[in-house]
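Structure incoming, see below.
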Amino acid sequence: MTLLEVDDVHTYYGQSHILEGVSLTVEAGETVALIGRNGVGKTTTLRTILQLTAPRRGSVRIRGEDVTGLGTHDVARRGLGWIPEDRRMFSELSVEENLRIAVKDTDRVGGKLAHAFEVFPDLEQFRDKKAGALSGGQQQMVAIARGLVGDNDLLLVDEPSEGLAPLIVETVAESLRRVSSDTSLLLVEQNFPLAMDLADRFYLLDNGQVVEQGSTDDVSREDEQIRRHLSA
Amino acid sequence: MTGAALAAMSDVAVATPLFVDSLLDFLDPGTLASVFVDGLSKAALYVMITAGLTLIFGLMGVLNFAHGSLTMIGAYAGGLVLVVLVSDSTGSVARIGAFFAAVAVVFALLAVAGAGIEMKLVRPLYDRNPLYQILLTFGLTLVLDELVEIIVHFYGIQPTHEWQAAMATKPAFLTATYSLLGLSVVGLDLFEIAFGVLTVVAVWAFLTRTRYGLYIRAGSEDSEMTEALGINVRRAFTVVFGLGVGIAAVAGVLLAWDVTWGASVPLAAETLLPAFVVVIVGGLGTFRGTVAAAIIVGLVDATMTWWFQNVVDFPGLPEMTIFLILVVMLVVRPQGLFGVAEVGGH
Amino acid sequence: MTALRSYLRRRVVLVALVAFLGAYPGLHNLLVSSPVGTELALVLPRVETMVSVFYFGLFAMSFDFVSGYTGYLSFGHAAFFGTGAYTVILVANGKIPFLASSTPFMLSLLLGAVLAVMLALLIGAVSFRLSGVYFAMITLGFAQVLYVFVRNWDYLSSNPRDGMSVLEHPAGFEVGVPGIDALNLQIASADFVGETISMGWIQLSAAEVSYYMVGLVVLACYLAMRRALRSPFGRTMVAIRENEERARAIGYDTFRYKLGAFTVSAFFAAIAGGLFAGYARSVTPENTFFFLVSGDALLAAILGGFGTLAGPLLGRLFHESLSEFLSDQAGGPHIDVGQLGLLPYLRQTLGESTLATELYNGFTVGEFVEVFVNGHESLYLGVLFVLFVFYVPNGLLGSVQDRLGGTVGSELPAAVRRLWGRYRTELPTTIRRLWGR
Amino acid sequence: MILRTHGLTREFGGLVAVDDVDFSLGDGELCSLIGPNGAGKTTFFNLLTGTLAPTRGTVELNVDDEWVDLTGRPPHETATMGLHRSYQITNVFPTSTVRENVRIAAQAHGTDSHKLWRSVQSFDRYYEEADAILDRVGLSGVAAETAQSLSHGEKRQLEIAIALAGDPDVLLLDEPNAGVSSASIDIVVDLIEDVAQDHSVLLVEHNMDIVMNVSDRIVVLNQGGVIADGPPEEIRDNERVQEAYLGGYERGEAA
């Protein structure tokens, strides 16, 4: 069964029409990239899926079940995790607490934390440090780990490489690759080669609409469509 | 220049050596220690009144003007339980037992009432300008105060004076003064300090040691992210509102025994204003700051009370100093002791 | 003459309202002596009540001037009301250096206002660095410092907690042009002998003289504030309320405009306080500097319409009428007809047997009435206030304006003209049709 | 030249949002400022208008052939000196009428704003200026509506209209097309070209078709610094610019 189906959603901020009918799907086990220039509606698509900004028209289905209009926490409980832009750490909370709060199965907190520190051994040393005191790259790790411990089937990842030095980007990419072996990913990314490297399929967004989609194997940065919609 | 002004000047001339003497008196270890204990007992009351106020603001950005009225209702409700349970022949220990019964009943009742207020009245206003939350809770104080006044009046109790019957249920050993290492302490002060410490420890443990406390701390920082982790933040709002009101009401029960306060309808305004001072000085929404500010305000209050009683012939000194602390704090550091600069927008 | 006529035409609603208020005391007398006088006396506010509606309404308008039009909640506004009130009594008692107790009332009124302006500059210069809840709290803090101070400063009176009364100024305070005796009339509340007028067929009681004189000052202040709000300055205030960041970005030094608005507002708040003190001849910290006095202004502003200048006056009228309606006072010596409040009225009309009827468990109708009607206007006001917050967030006047799509002054005549136009064209045809049938 | 910066830098904590930017805007020029997300474009605007104070560097404006130092001046002063901006997220006076929105902006440039004793209606010149601007941006028909009741596209036009009031020397337009539906984008583009006739314009825009069509010159920011500066054709073929936009990730061998 298809994990996520977004069907012709129209989303507004006030009166400004941001998504003009976006449709996409994510199958179980897949990594799907959502690419496009700044301001075309990529982040809004993720917010719409989570019902943080509910669509005015169209529907969002998870494993066939319509979740449009539900509370965000209800959507999240159905196995969706969010790794937002700017990482959104609880900066006054320790790294461990940041992870602890993300565990949905409250009987297995210990095991989940142990697993997270196993996957991200670098984080163990910061366990009791306030998340706000970490560097950008370390925070991104915590954000990804937060998605991991929630037992999610699908992670919505927003601009994981933004504001990070190239070397750190590589580490982040590596951790996403590791996480993607357990869960599906819907990845918003401006760095085109990175997105193509991680994803199986891609959707190209412009002006609130999907203008192209396909397998990542078939496109390159010399592609006319890609250059037209992504670069200067 | 008028005679009064001249007289005032000569007062200053006389007052200068007097001031030095008084300062030496004040710095006497015995005086300092008793002022300190008095200050801590005031701080304990402040912290109990304000804990809920600050948690509610921290999580949902609502400045609850009805908080003082709910404290006042706690005082009357607690007094009622005490008056029913305690008779002249009740022993001291049984009276303390009755007090804890009153605390339990009042906490349960008012926590439920607080949760109800959040669900039915405050919730529909979250999407509106924060002004409307202030207006709503302000309107609520009018209604609550007047309702209490009607009820109290109906039972033949004078609403604007302390309720003596409730005050009289206090066991004798709390009114007594004890000498400890040359220091004289009133029993009730120690009782209040114990309660204050207990409250701080309990709230702190709830916030840092329980899963729900974790939700509340996270929700105060970023409620959208918390919601996206599968946590029902709206329900946490209700819980915090209920708990906050419950704690304030328990403070009210203590106030019903305290001769400087006592259960009366004006108690609502008398507790609300210093509570505002404490939460703002501490930094709106931070529990740590609120505890620190309560101690500061309590100690300043006690110090100024001593100066008024012994030196300065100005009965308003303690109260005026408290509001001056508020003004000075807002001028120097608007975000308060432990607040974050951008807080308050939500 | 044509200029005056066109001026009045453009302000037809205002002129009509002022005319109505001018005729109100006579109208009131006429109505309460009519066959349904007892019932009307119950709902119509007394002339004395209207005096306090005027001065407190002015205070509420001054509060709305700054809070409703710049969006900064001045929660310590009572400080300015108190400054005006205390100045008047202090001058009258010879407690202000260099000023004799016989100083004309109009001058002490002005002095209070000037003092309030200076106070507002001080408080505002510090407070306008903050916004939102913090601004409300710091102004509250300042006002409470002053409240505690006047409550305890024994220079003011032997028992400052109980406030102070006029001691050395035996005659009523005169409102008018200072120095010209013919242009002055005394104001005074019912328990003080004020001035009465008898000119031909016009007979005015002391209360009615106060009504007109206080009303005149309030009208002048209202017109001044209205003009200020419709000036370039006033439009800048609204721009700050709507979007302060953008106001700054298009070139306004918003701090100066906020401080200016605060100062103007303090001026009129002090005039209101001075009128109150002059009329009541005694003040207490509780009814001047206390924060619930600001709360009452907020109440009036919300009921009447936040950000509509005349709304708060209407809100206050509502508030006072309700308290009068629910009061248990019988009519004073100057009202011969009927009772004042609902309670005496119910006692009278329901009759002994109804009152003694048992409702529940020994609780009689009479007791029920005593408990729930007797002077508990705050309860009903509070409930009403909460209902307004939910369902009428723009207040009485604000909602009417929303419905009309503009200010009442400009839109109401237009609406009436539209109706009249339709009536004139449609009525003849309707009549003809009816006639034909 | 009408506007220039020298070594303009702004740091937030450890992050350098704008890094040592030397920029100049020619008199009457339409220059576009582009760059990927987080390149520092909006921060740069905020530094120019004084909303943010720079960590280092200067901003200068040419007023009557004299260079005036604007560095560290508050926004209301830079605005009165002739540097106006529009906002990425619509930022108008919502419950005022469209006409009043522009009139109040025009009034800011007169000397009458402190007059609280005269009716606003006795100052015709601000109404005339507002009406002329509304006519120019095509909003005359909705002048009496409240700003909040406009469609999103009309709000974007109003956003520019407010910035036009007071006849600025320099217009900073921050994504005037943000959120405009594809159907009505042409109206805003025409408007940009129109105002560029008699103003120096610095434009931030993501839609490259628009940028390439309307600009005299393009400046590219990446990670706070200028990486390219030149006419549209040159920018289109610039390899560093392509790299900045598409990203230069290469899968490393390390894990």
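To keep things simple, chains are lettered A, B, C and D as they appear, and every chain counts its residues starting from 1.
Rule of thumb we're sticking to: contacts are C-beta pairs under 8 Å (C-beta built on N, C-alpha and C of every residue); 3 or more make two chains touch, one makes a residue touch a chain.
Keep in mind that this is a model prediction, so the values were computed, not measured.
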| item | value |
| --- | --- |
| Target chain D, source chain A, minimum contact steps | 1 |
| Chain labels contacting chain C and also chain D | none |
| Which of B-C and A-B has more C-beta pairs touching across its chains | B-C |
| Most remote chain, CA-based centroid, reference being chain C | A |
| Centre-to-centre distance between chain C and chain B (centres being mean Cα positions), rounded to whole Å | 34 |
| Inter-chain centre distance, chain A versus chain C - centres from mean C-alpha coordinates, in Å | 58 |
| Separation of chain B from chain D, taking each centre as the mean of its C-alpha atoms, in whole Å | 51 |
| Cα-centroid distance, chain A relative to chain B, in whole angstrom | 45 |
| Numbers and ranges of chain C residues touching at least 2 other chains | none |
| Multi-partner residues of chain A (at least 2 other chains) | none |
| Chain-level touch network, classified as line, ring, star, complete or other | ring |
| Pairs of chains found to touch, sorted by chain label | A-B, A-D, B-C, C-D |
| Touching residues (chain side chain C, partner chain B) in the complex | 73, 97, 126-127, 129-130, 132-134, 136-138, 140-142, 144-145, 148-149, 151-153, 155, 291-292, 295, 298-299, 302, 371-372, 376, 378-379, 381-383, 385-386, 389-390, 393 |
| Chain C contact footprint on chain B (complex, rising order) | 1-2, 4-5, 63, 121, 124-125, 128, 130-132, 134-136, 138-147, 149-150, 153-154, 269, 273, 276-277, 280, 284, 314-317, 319-320, 323-324, 326-327, 330-331, 334, 344-345 |
| Residue ranges of chain D touching chain C (in the complex, touch as defined) | 49, 51, 74-76, 79-80, 84-85, 87, 91-96, 100, 103-105, 107-109, 112-121, 123, 126, 162, 165-166 |
| Residues of chain C defined as touching chain D within the complex | 227-228, 230-236, 238-239, 242-243, 245-254, 257, 260, 264 |
| Of all residues in chain B, those that touch chain A in their complex | 211, 214-215, 217-218, 221-222, 224-234 |
